[in-house]
Structures are given as structure tokens and as C-alpha cells.
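There are two complexes below, and they share subunit A, which is joined by subunit B in the first and by subunit C in the second.
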Partner chain A sequence: MSNRIGGQTIKLENPPCILSRATIVGKKEGEGPLGEFFDVVLKDDYFGEKSWEKAECRMFQEAAMLAITKAGKQVQDINYLFGGDLLNQIITANYAARNLGIPFFGLYGACSTLTESMSLGAITISGRYADLVLCATSSHFCTAERQFRYPLEMGAQRSPTAQWTVTGAGAFLLSNDDKPPYITYITTGKLIDYGITDANNMGAAMAPAAAAAIKAHFEDTQQGPDAYDLIVTGDLGSFGRDLAIDLLKKEGYDIADRFIDCGCEIFSDDQDVHAGASGCACSAVVFGAHILKNMEEGKYKRILLLSTGALLSTTSVQQGESIPSIAHAVVIDMNRG
Partner chain B sequence: MDGSGKGFMLMDVRQEKIKKEYQIYVKRKMPKSNLIRDCIMAFFIGGLICTIGQFINNVAKTFFQLNIEEASAFTSIILIFLGALLTGMGVYDDIGKYGGAGSVVPITGFANSIVSPAMEFKREGYVFGVGAKLFSIAGPVLIYGISTSVLVGLIYFFIK
Partner chain C sequence: MSNRIGGQTIKLENPPCILSRATIVGKKEGEGPLGEFFDVVLKDDYFGEKSWEKAECRMFQEAAMLAITKAGKQVQDINYLFGGDLLNQIITANYAARNLGIPFFGLYGACSTLTESMSLGAITISGRYADLVLCATSSHFCTAERQFRYPLEMGAQRSPTAQWTVTGAGAFLLSNDDKPPYITYITTGKLIDYGITDANNMGAAMAPAAAAAIKAHFEDTQQGPDAYDLIVTGDLGSFGRDLAIDLLKKEGYDIADRFIDCGCEIFSDDQDVHAGASGCACSAVVFGAHILKNMEEGKYKRILLLSTGALLSTTSVQQGESIPSIAHAVVIDMNRG
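This part shows the complex of A and B:
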């Protein structure tokens, strides 16, 4: 019998646990309000490498290794690596996977990569096709800026809705052990496009995708916001967050009292990041360092985590195409069933 | 790829209406740049750069006894040097953050738009990195600047 419930959701038969995790962030992130919670804070953007791309790759790799060693495992124990990043042809994840030597599935979900990889990892473990799966993702402010926007030293003004790409990497080791927290449900998002074409307003592009995934999850599981202590989105930013609340209110769900966005948590207001943070690493490091810690300390029992991705390219933006977006939800629960 | 939904994608009229309403809603609710403050900042930062230019120009004329044309070239060279130096020192982008158009329009902004990609794409090599990307931002300015000057020249030629 299938474990599917509703149109987009799976109730995992054998909920995998998050055995260990590791987070690495850049200097600016380390200076933010969550600075003390990250495993490693870089001293500069280069991390001792010759290029920003290499630095990002090293962050990815070291986060992966740290998650493995924290769990007392060896690289060869890991059955699969699911990972991705923002760069063209996901070079960060590819080069890191080359060095790690773990069977690898490369993913591109832009900033939704965290929950995309966790969804696929959880399915693989629940289906008993793997015992240990590593899910990892990274982003780097400098590599993202030069690929998607302008050279760093260029004196251009950023718009109020612009977001700041997080420099960092997060890795999560999923296993079939019986140790909380668990991943119990997965809701896979559909691509949603409400016709936003402004690449400096990704919060507005992604908010409908986040709202649609949350709504689908509620409908499929026949539960409302009350079933969760916290609903977390990846990188909608302050403007996108407000839009998502409004969109869900129209659908009859009021989530405002238990809703946070990772993009609004990692930097403080005086760090000049405009609408907040973004990037694959945004949800990964905030979830890994901050939210999971709060769950372990008993502050939250059950949360709904959604990473949100704006699936644009520089070509599609220049050709005036709108920005399709996606959000994948996973339920993280301190109880297994 | 057809985000407008007019192509092969199945989009009913209701969906289109929701999308339109959303776009209008976003436009209305969007945090806007403070236009007045930005204009004032651009006026003063741009004015400051031009005042520095005028100062250099005067120095060239009075102390170095240069004629008008020589003094203009002298001023441009110094300003371009300063723009490039401040870009290399990582200062010009901070000036740009506050100055906006005030620091983009003067010749120092032009220097910034050439030096910043040059610095950034050195890693990709001197041919396909620096060479190819050097004019990635300044290129369009040159194309349309030169095209406009040709056009104006032609008009001037005929109405003279």
C-alpha cells in the first residue's frame, strides 16, 4: 500500500532521523545574531583558497566531513550524498562530491535545495535503500553576486527588496537510527509562477510557492497551523514573509504567530542586508545551528520546514521571463510517529 | 518557457486573474526606495566629485599654466585614477551605496565600472577573464554614448 496522502504528501513509513549536522558560515554571518551557534565561522571570504568558488567548495566539503565525524562515522559508511548549490552546473557540489567520493545525486533547486535533498534522502532511507544519507548545500555571497548580478566592487545601489546571499554551508546526516529529531512527512512543491519578473524581488516571486506548499501540506495531512510549534521558510525575506502570511490568510490559514523566515533571522537590521538573507545556505545554517538546537532543548516539538527556491537564470531574467518558484516542506518531529 | 501562460500551458482565466491581482498587490505593497533622499544624496556626492574636478582643473590652469583643453585632459586623468584607486581599495562601492547616480555619472563612476570587473575576473585569466569582461558594464555605455554622439554630430552637420 502506498504511503501517499493527498496530492503532494508522503507520510514516511520508517521516519529517518537527523543523526548529526554541521554548519559553516562566513564572517558577516558570524557577526549576526546567530553567530555563536555555528560550528565554524570563516575569517574571510576566501577560506584560504585562491578563488571564491574554491572557498565555497571547501565549505561544502568541510561541512559534509564535519557532519560525518560528529556522528562518529567514516566517509565510506555513507550510502548517498544528495546536494546542490547555486552556481552554474552546480560546480560546488560536483567538485566537493569528487573529493568526498560518496555516491552522489546532484540537485538544482536553487535555495530550495536543503529540503529537496532532505526529502529525497528521507525517502531513500525510509524505503530501506540506504542506512546513511548525507544532505548538503552551500552558497557564497561573492560567487552568487558575480554570477547573478554585478562585480562586487561596482558602486551600484541595491533595491529595498534585494536580499543578501548567505555565505555558508550546511550538511545533515540522515540515518535509520531511533534518535530524535525525525523527518516524518514530506510535501513536494509544485512550480508556481505568479508572473514576477524582477530578480531583485525574489521574496515576492517565492511567496506564492511557499504559501501553496504550506496549503497543500495542511490539506493533505488534514492538519492546520496548530499542529506545529513553528513554521519555517527558507529565504522569503521580510517582504516575502509578509506576502506569504497574506496569501495564506486568504486561504483561511493564520500562521503569523508561529511563522519565521530564516532570511529574517540570520542578520540583524544594522547589517544592511535590505529585505533579508537568501541563498541555499540560508535555510541550511539557520535550521542546523539555531532551530534544531531549540528543538533539542525542548522549545519546539514539531516544526514544518520549507526551503524556497527562485528558479531563474541570468538568461531568463535578461529575456524578461517571469521567475518560477518552488518550496518543499518537511516535517521535523521529536516524536517518531 | 512561457511564464506569461499564453503558450501551451493550461491556465484558466481564474488563474490569470489571481496572478494579475497578485502582481498589482506586490507593486502596491513593495518597499520603495526613498526617492527624495536618494536625489539629495546623489546631488551632494555628485556635486562633491565635480567640485573636486573643478579644483583640479583650476590647479592645472593656475599652477601648471595649462590651457583649457590640456587642463580638461589633466582633470580627467586624475579623476579616473582616483576612481580606479578607490575601487581597488574597496571604497568606491561604499560611496556608490550612498551616492547612487551621483557617483555613477561622473567619470569616476566610469573608472569604477571598468576596474571592478577587471579585478573580479582576473581569476578567469587575462584573455577570457579580464579581456572579455573588462567592458561588460562600461560596454553598453560606450556603444550608446558613441552612437548618440554620432547622431548628434549628423544633426549638427545638417542644421549648421
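This part shows the complex of A and C:
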């Protein structure tokens, strides 16, 4: 009766398309190897606002508006906004949603927000409950550091496994148009907890969740790595990327020759970001500006995209809890499936 | 093409049903006028755990398990959990989802989480992407007070407009069975901001959002208050309830004779809660234990249920932002629509 094809996976009978997308990044991200591909690069991380939080909100909102106008649409054409961010009570997404005035479903999935929002947006369009859905997320190095770690003014030393939160926002307009690329499958993650308690080693916390979601996707669809030109994770960083490869090898899947992590792509080695990048914006801007462009240019026909979230809070860390993580996978396909 | 019937409203072609529900509340809630209707009343607000946060997580998890077992189902039968709570990074829902092991979509809508989760759960089932979806939320007076306001040990005086966060959790199992009650319409809220900056007057912040969602629902469905035996809001409290009535009267809708707010129902006047109750659990436990029971007993055939969320954070308040709010409406109907 339902479109379910396995424990965690659904195949979308009417695959929605990604009609348009927009990416905005901070100065440092603009100086990285993908700098030329982003729609907007900030001159400084305040973006003309009085606080970093307000700057992040403005990035979210402007990415959303840019995705809408690129598609030749207007705000009132959009049926739903699915969005979230890293900040307490997702204030970035909330204030942006207030300013945009679009019916809003607020999400919290930490850095898994991109594929969480795309999963729910795709279900809503595929089920014919919406014609146009906007999926958006953001993060900001300065807002994340002072919320999750230390005041920036303190200049705390960063550990080798630390990752650098991407300053940026990405927005994706999904529609029921028949125009590639399409979202054809959705694999929804479970919380996975390997007992990691070091909030500066989120790659190790997230890698098992990414590996579990990839494994679930392969099993549910009865396909392996060969079915994809590229497998992309959100922000495992260099340690987490290697760990995910190892964990999947133990399960009998070798993904190493077609696997990239957005957290290892956005900055160059000489940008001093230690284990790589992280943040909701990491997969959003790398996928939006770089990977989708490569798909449109024919480099990749079918990819498996997973955003990965470490679901900790300062309270949970202080109370000695380990860090559970989640990864949601979507298949992006230039064919309708 | 789509099932949309207005700017913010959809009619569900295959209305899902609420197959089972469970409610757990704290000691004070158990001593209130609805005390006898809750499934579980805690003896103390630690629930055998070492912290209030862990107690809240245990309530969430046990409410979820109780809803599942009441329906004669097992955890592995549940396709998705849609849930959220008030705490930073929704740690309650995350850790409960980890322990439950169900594919999870994390939501943040503050006290609007109940109807946000029911909206998305209903879309997912109605679109045939799931057979069984669990919607759950929680709040805890002690975790909310120390996160949003003051340390409890400080004994800060509460203002007349202050509301008391409900300690409790509610879980609802949605399915595609043909068994009343059904969820037949969904009206998704926009963020509404009337410029309220007093974090101790959330009723005034939320009432305009509730009124706007009720008005949108009436306009989209071309029906008025007469179409409902009861209109229920989440946690406006006594000030917010009166304000919502006034705002709708100005729009030409008189709802006063069939309107209740869950925040005015759960505690009695002598329980010293000032303007009433609040919290994600407020609408969840009052709807689950009290209103659904009345529907099953024939008192109400068709109700409009709105959970209402004030989308503030301590950071946004400190930066002088006003408090935007949201309300999501669902129609609960003993007939299939």
C-alpha cells in the first residue's frame, strides 16, 4: 500500500525536482577552493548587522530569497518553508521565517538539517500537498563557537580533531516540475551513539551514523556503491571520513573510490581548519554550489547525499552524556528514477 | 493537482487516524482538575533520574512506548518518530529517539510541536509514505525554568502574566487504519510578531499567531466557528485567551462560546500558576488525556486544535528582539471528512 521499500527507505513515486538553489558564504569560505562557485561571498562576517546572530539570519533569508527569484517565483508562491539551524531554539530560521512570511515547519537536526528538510519537503511535494517548498539552513562560525564552545575573544586552542563551522546559508526550491535533478529516494536516519563524549571530535561521533544510514540505504534498495557516481557526506571531516570508510568496509561495502565529505572540500589545507569543516551550511553550500553544478555539467548522474548531525547540547555534555548522531540520505538523480 | 485548498490549508484525502495516545505528567499536574485522566502521574519530578533533563527524556520515552504498546504494536513497527521539545538542541527528543531506535525527524516549534508533529506525521501517512508514525513531545517545569529564566534556587518572583511550564509528555500514534478520530485538515502557521519583548508575557506574543492561524483556517476552508464543537489552543493562558477572542472578533469571527485554551484547563486557580500553563506538554497532555476522551465519549464530534509556540531564545531576548510566535492547526474529526 505504501511507497516504502525497506525499513528506513521510501521511493518517491512522483520525484520532486530541485528547481533552483542559492548559496551564501563568509569571507574565509570564499577564499577556499570552491570560492568562485558560491552566489554571494560576504566581505565580513557581520554582513552589515549588529550581531553575528543577526548576520546569520540575514544570510538565511537572503539565500531563501535568491533561490525563489532565481526560479522566477515570488515569496507568496511558496507553500512551505522547511528550515533549521544550530542555534538554541533555531532563532536563525525562526526570524528569517518571520521576515519571509511563508508557512513554516521548524526543524532541528543540527548539521543533518539539509537532508532532513529535503526529505520532508520531497514527501510533501510528492504526496501532492505542495507545489513549491523551500528547504533552507545556515550556520555561522562565530555564533556556533560562542554557543557551543568558548567566547571567541578567549582565543582557546583548537584540538587536532576540531572542525571549523562554515559561515554560510543554502536554500533549495523543490517543485513538482519535470526538470532534473530529482530527489528519488529518501533514507531516514536513526540516532546512533558510539559513546563519544568529546565535543571536539564530532567526526568520530557522526561517522557511525553516516555509515549506518548508507548501509540501511544499500540494504533497503538492494543496491551497492556502484549505483552511485558519488557518495557525499555532510561534515565528517578527515577523521570521520576515514572512519566511515572503515566502518562500511567491515559491512562489506567499499565506497572509498567514490566518496567525498563536504567538510573536506570547502577549505584548503593551508586555511588551518584542522580536521575540516562542519555546520549546517557545510553540506548545503558544497552541495548547492559545487556538486549540483557538476551534476548539471554531466560529471555525475546519480549521487547519494547525506547530511550528518551531532546531536549534543552544552547541557548534555555537562551532564556526561555521550553524543548521539544522525544522518539522513537522499538520492539526487538526473533521471526521474 | 495538489490537495491544497487555500493559502495555508490542505485537506487530507486519506485521513490518518489517531490509533492510540499516552500521557505522563508531573506531581503538580496530577493534583490538578484533570489529574485522574492521565496515564501516569509522577511521584516527584526527578522520575528516578539524576537530573531534570534526564527525567524529561524518560517521560518522553515512556509516553512513546506506552502509545506503541497500547496499540498492540512494537517499536520496530513504527516507521517514523516526529518529535521535539523546548530544550536547546532538543536533547529530550534526541536522547529518547536514540533509546527508541526509530527513524527520527527532529522538530523545533517550541510549544507548537504537538500540532507541527501531527501535521507532518499526517502528511507522511496520507501520502502513503508510512503506515505508523509516532508524534511526541514533552516539557518539564524545572528544565525550562533554568534554561529560559532563572535558577530555581533563586526563587525569583513571578509576574502576573507568567505561565507555569507543564511537566509532562504526550505521544500519539498515527496510522492509516479506518478508525476514529481522524486528522482531516492541516493549516500551517506563519510566524507572527506583534512586537512583544517581555519573555514573561508569552500569551500576548502567541495570541496573534493563534488568531491568524484560526482566521487562515476559516478562510481557506470557507467555514466558520460553527463547523466545530470546540476550538482548542495550546498555551495562551488567561491573558492570551482573551486577546485571541478579541482579535478574532475584530476579524468578524466570534469563537468565545466554543473556545478553550489547554493552558487554562490543566491547573486550578488555587494552584498558583498565575496566567495559566504553558510548555510543549500542555496541549499534548490536555488533548491526549481530556479532549480526545471527550470526543470518544461523544461530547465533541469535530474540533480545531492549535498548539501555539513562542519562538524566543535567551540570546534573541538579550539582543532586544521581539518574540515571534506560530500556531499550527489540525482538524480532529470523528468522521472521515
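In the analysis below, the second predicted complex is superposed on the first by the 337 of 337 C-alpha atoms of A that agree within 3 Å, B and C clash if a C-alpha of one lies under 4 Å from a C-alpha of the other, contacts with A are read in each partner's own complex, and residues count from 1 in each chain.
Please note the rule applied: a residue touches a chain if its C-beta (ideal position, glycine included) is under 8 Å from a C-beta of that chain, and two chains touch if they have at least 3 such contacts.
Every value quoted in this text rests on a predicted model; they were computed, and no experiment measured them.
Shared-chain residue A:Gly84: touches subunit C; no touch with subunit B.
Applying the stated contact rule after C-alpha superposition, one finds that A:Ser51 touches each of subunit B and subunit C.
Once the two complexes are overlaid on the shared chain, A:Val232 sits clear of subunit B and of subunit C alike. Residue contacts after overlaying the shared chain place A:Gly109 against subunit C, while subunit B stays out of touching range. Looking at the shared chain after the overlay, A:Leu243 reaches subunit B, while subunit C stays out of its contact range. Contact with subunit C, but none with subunit B, is seen for A:Leu311 once the two complexes are overlaid on the shared chain. Looking at the shared chain after the overlay, A:Asn176 reaches subunit C, while subunit B stays out of its contact range.
Of the two partner chains, subunit B is the only one touched by A:Gly155; subunit C is not. Put subunit B and subunit C next to each other and count what each touches on subunit A; the higher total goes to C.
By the document's definition of touching, both partners, subunit B and subunit C, reach A:Asp193.
Common to the subunit B-facing and subunit C-facing surfaces of subunit A are residues 50-51, 193, 316, 321, 324.
Across the interface of their complex, subunit A is touched by residues 1-4, 7-8, 10, 50-51, 53-54, 79-80, 84, 86-91, 94-95, 97-98, 101-110, 116, 119-120, 123-124, 126-131, 147, 176, 188-193, 311-316, 319, 321, 324, 326 of subunit C. The residues of subunit A lying in touch with subunit B in their complex are 50-51, 146, 150-161, 193-197, 201, 204, 208, 239, 242-243, 246, 275, 316, 321-324. Within the complex, the subunit B residues that touch subunit A are 1, 3-5, 18-20, 22-23, 25-26, 29-33, 38, 87-88, 90, 92-97, 99-100, 103-104, 109, 112-113, 115-117, 119-121, 123, 137.
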